[in-house]
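What follows is subunit A paired twice: with subunit B in the first complex and subunit C in the second.
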Partner chain A sequence: MAEAIDYFQFVLAPQMVIGLVLGIAVILVALGLTIIFGLLDVINMSHGEFYALGAFLSVSLAALGVPFWLLLVLVPALMLPIGYIVERVLIQRVFHSPDRHVTTLLLTFGFGLVLEDVFRLIWGPNPLRPDMPISGAVEIAGLFLPLYRVFMIGVGVLIIIGTALVVYRTRIGAMVRAAAFDRNMAASLGVPVQLVYAGAFAFGVSLAGLAGVLLAPIYSVFPTMGRDFILMAFTVVIVGGMGSIAGAVIAGLFLTQVQAIASLYISPVWADPIVFGIMVIMLMVRPQGLFGRLGHA
Partner chain B sequence: MRTFRTVALAVVMSATALSSIHAADPIKIGVVTPLSGTYAGIGQQVKWGLELATKEVNAAGGIMGRPIELIFEDEEANPAVAVQKADKVFQVNKVDFLTGTVNSGSTLAVGQVAERAGKLMATTVSFADSITTDKCSPNVYRVNARAGQQSSALAVWMSKDKPKAKVFYLGPDYEMGRSTVAAFKQSAEKVGAQSGGEVFAPLDSKDYTQYFGQLRASRPQVLYTSVAGNDTVRLFTQLQEFGLLNNLTVVGASGTVTAQNIGAIGKAAEGFVTGVGYSAEIGTPENKKFVEAFRAANKTDPDLYGADSYGLIYAYKAAVEKAQSTDTDKVREAFKDLKWNTPQGEKTLRAGDHQAVQTMYVVQVKGGKFSIVGEVKGEDAIGPDTCTRF
Partner chain C sequence: MRDALTNSMRASHLLALLLVVFALITAAVGVAMNDTFYLRLATEALIFAGLALSVDILLGYTGLLSLGQALYFGLGAYISALTLMQVPSFWLALLVAILSGLALGLVGGFIALRVRGVYFALITFGLAQVVAKIIYNTRALGASDGMTGVPIINVNLGFTSISSASPAGFFLVVLTVTMALYAIAAYLLDTPFGRLLIAIKANDRRVPFLGYKATTLRLGSYVMAATIATVSGALYPMLRGFVSPELLFFATSGNAVITVILGGVGTLVGALYGSILLTVIKSVIGSWTEHHLIIIGLLFMSAVIFFPQGLMGVVRPKVAKWLSRGGTS
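Moving on, here comes the complex of A and B:
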């Protein structure tokens, strides 16, 4: 029995915490993705690059002497106009074409590739490593936890709750959900649909940027960093139900725990196929995911 | 155009050769080394080491009264380019001996060129065991320590400092990672270490924390790793963040923590142990004199590449003087079990596989710098001769 407790405290619990940190990180990236999909019906393949852009902006601003706390506000604020412009200039142009899914997917995919090369031109190909804003660690009940990761879990939970409140409890959120449910009806009732679309896209992009700021000190910053999370984030969105915030949270936490615990017994490299396997099974059995689309629940 | 250039070059070369025949005819050594690209830093040390030794030898009257002339060619750390450049120095410059190759692939490829040209060559840098084991060549020598010597030196140190330790292995998931882990595991188990499991992470992993579960579960006293470059930075800082470095000794390959990444790793590198063939810290008078001269000439400390390249010139000098000729067969005969002095002490070129036997050093990071914590005798680290070709 003592052995089991020891195993839990020294092996299993730390691994679950590591999984939780990864889970929050993935959810933060998936959140913007699921909102953009749920509302605009656009699969944003450049989402990972917006996440990278947030990280790069945070590195550059930090080099100018901007404190980390301010970056958490400043970078998402800078990302808003960028997202807004991208939606109006790029996505709106092809939004009304008959095969919207394919065109927007290809468009955002191409845009992501361009962004990646732009990062390489501006910041160079080598990884940049921002300083940990909070160093040190705490020991809770025999568990050794790096403070920054604890902070990240806390801030991540706040962001998730905040986003849910905005979407489900505010007037703006109601307009967003109305536009997602029936854009023609919403438009005829006076909802500025075009503005809501661009605004929601900008909001999703801004969330990706915020995730970039938060994760940069842990995962380093480099041009292809967007690819690392995007596959996992897509899996979370698919399993959770495209466009569902609750679904993204539940699927995000569940899949990363599966990955973390599986990594104890098999090579961590093989934990990924398990996660993607769950996604494939989900697509076969319940293609709409755990929860329905935004505005349709 | 190409042929024209080669012909023109040959004419110029032969003209200069003719004009110098009256003076003492120089002994020419071709240096095919990376002077640009990823390994340019290593090539620079090779060049500095060779030039310093050449200057000293020439000042003292050269080899049998003949001065040494170095002919440099940039091989760009690319075996294909190295082969062309080696052909060029053998055929056009008519060099007597060749050295400089860094990348193990270049060394193996240039070794074949040397065989065809009927000349001898030596590497002063390449680590891959195969060069003096299963892919050994009668025309190729290695005067630096190979990977196997580094890992057995480390294993010998571990058996004294951490007897019967439980070791966990974490390597990058490709040829180099798997072979270094397998080699160290073999040497470690020979001296009584237990194995606590092994994992391989893809090259360029961003997050090593998911590998920590298996590491914790095995509760090792020692972690062996052969990750390199930026991977080391991430692995070490993440280990430190999660408090895993307490009561854990981290040991690794000689390329894991280097001058290039030690700054970025910071405090997390403290206590790291590895086995090397040279360190500028070696306290012998010969080495102090060498380090001083190197520093005066190049404004920087020599590393293992600079020191081993410096030592090579003296090995070649000793062999040519013993043979009283630069003829390939006579020099090969003279190289057999040749003993000569280098900054890191006396080395022996083993006749059976052309591998230098030398004292190995175990170094540990203390206060952000490597310092020597142990020495392992050459015979204890060299391992069996497995070359069957000659």
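Moving on, here comes the complex of A and C:
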């Protein structure tokens, strides 16, 4: 019995916390993806690059002497107009083409390529390592946890709850859900659909940027950092159900825990195929995911 | 009276023939100038043209966007490398690639074709990533380094044999294989089976009422595309002497999609021209900056926005018009 407790305390629990930190970050990225898909029907292939952009902006601003707490506000605020412009200038251009899914996917894929190379041009190809903004550790129930990770989990949970409240409990959220459910009906009832679309895209992109700020001190910052991460985020969105906020949260927590715990028993490099395997199986048996779409449930 | 489709396919064939003539001239010039680098580059462009061809069959004819076609290309390369290391025979490697392409296509199609639209794009993306990661971490397959030491082979043609080390000779071998793949694809897509694929793309709900099963047809096109990608991949280690997991990565699949969009979706010959175009752009830009992705990305984006029909989508109708005028007079 004591062995089991020791095992839990020294082996299992720390691994689960690592998984939880990753899970929160993945959920932040996946939330943006899922809202953009649920509302605009657009698969944003450049979402990973927006996440990287957030991380790069935070590194540069921190070098200018901007304190970390301000970065948490400033970077997402900077990402909003960028996202807004991308939606209005790029996405809207092909939004009404007959094959919207494919066209927007290709367009954002191309945009991601450009962004990635722009990062390489500005910040160089080598990984940057920002300083840990909060050092030290804290003991919770016999577990020693780095303070920054605890902070990250706290901030992440607040943002996730905040997003859900905005979408489900405010007038703006009602407009978003109405536009997702029936675009034409919403427009005829006076919902500024164009603005809602661009706004939701900007919001999703800025969430990805925030995840970039939060994760930059834990992982290093490099031009292709979005690539590996976006795969996980897509997996979460698919398993949770495209366009479902609750689905993204549950699938995000579940899949990152599976990955973290599986890493204990098998080589960590094999944990990734397990997670993708879950996605493939999910797509085979229940392509709509765990939960329904935004505005439909 | 020929219908519009036959006419445009004839235009494709003419453009393909033009490409062959152009390629033969290139080979002759290459031999005359004793060049190795550019002939090898052109050979690689033709190999990747095969991969793009398979993407076009799915996207242009069946209406399925595959973001993981590099899966078959990469597996073809690994299978061919493993075969050649045991028995250095071109024909055996080709045969093994065709058979494994058919088998892999059936398995992959069984998984991926359960879903449609964006889900198909994402499941193919996921499948390729899973397999790429597995190979990346398998020491027996060289893990992240890939496998080197694929022997130089002699392509035995009965009357003569061509060494894969000969730049011009192997260029002609690859040209022949790629054009054969084009011809097979064009032939199959011109049969009633091909017409039904186009019907599925246009409206997949009506096709069952004509008495055909959309799933079987889709599987047919998927297996065909997978086999073409596998065979193209099988040529890669013969050219470069090594294989690496990058061949299965998303960058390779993405490149094939870019190739098809730039070249012209649904024209088949566009995949070939697109691959050459992309290779030329890359090496020209690459000579003065390493940031070629910005240019390629911008070019690709503007193609998606302004020229969704691509290069051959613009050129081919003109050729078709010229051809039909020639036919009636």
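The rule we apply is simple: the second predicted complex is superposed on the first by the 297 of 297 C-alpha atoms of A that agree within 3 Å, B and C clash if a C-alpha of one lies under 4 Å from a C-alpha of the other, contacts with A are read in each partner's own complex, and residues count from 1 in each chain.
Rule of thumb we're sticking to: contacts are C-beta pairs under 8 Å (C-beta built on N, C-alpha and C of every residue); 3 or more make two chains touch, one makes a residue touch a chain.
As the structure is a prediction and not an experimental result, all values here were calculated from the model.
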{"item": "Superposed partners subunit B and subunit C on subunit A - clash or fit", "value": "fit"}
{"item": "Partner chain(s) touched by A:A137 [first = subunit B, second = subunit C, both, neither]", "value": "first"}
{"item": "First (subunit B), second (subunit C), both or neither touched by A:S220", "value": "first"}
{"item": "Partner chain in contact with A:Q257 - subunit B first, subunit C second, else both or neither", "value": "neither"}
{"item": "Residue contacts with subunit A in the superposition, subunit B compared against subunit C", "value": "C"}
{"item": "Which superposed partner A:S267 touches (first subunit B, second subunit C, both, neither)", "value": "both"}
{"item": "Touched partner set for A:Q194, first subunit B, second subunit C, both or neither", "value": "neither"}
{"item": "First, second, both or neither for A:L231, with subunit B first and subunit C second", "value": "second"}
{"item": "Superposed model, angle subtended at subunit A by subunit C and subunit B (C-alpha, nearest 10 degrees)", "value": "70"}
{"item": "Subunit B versus subunit C as contact partner of A:Q15, first or second or both or neither", "value": "first"}
{"item": "Partner chain(s) touched by A:S60 [first = subunit B, second = subunit C, both, neither]", "value": "neither"}
{"item": "Least Cα gap, in Å, left between subunit B and subunit C after the two complexes are fitted on chain A", "value": "6"}
{"item": "Overlap of the subunit B and subunit C footprints on subunit A, listed as residue numbers", "value": "267, 269"}
{"item": "Subunit B-facing residues of subunit A, complex", "value": "7, 10-11, 14-15, 18-19, 21-22, 126-127, 129, 132, 137, 144, 146, 148-149, 218-220, 225, 228, 259-261, 263-264, 267-269, 271"}
{"item": "Subunit B to subunit A touching residues, read off their complex", "value": "173, 199-202, 206-207, 209-214, 216-217, 219, 230, 233-234, 241-243, 264"}
{"item": "Complex interface listing, subunit C residues touching subunit A", "value": "59, 65, 111, 114-115, 117-119, 121-123, 125-127, 129-130, 133-134, 136-137, 250, 254, 257-258, 261, 291-294, 296-298, 300-301, 304-305, 308"}
{"item": "Interface residues, subunit A side, partner subunit C - complex", "value": "43, 90, 93-94, 97, 101-103, 105-107, 109-114, 116-118, 120-121, 227, 231, 234-235, 238, 242, 267, 269-270, 272-273, 276-277, 279-280, 283-284, 287"}
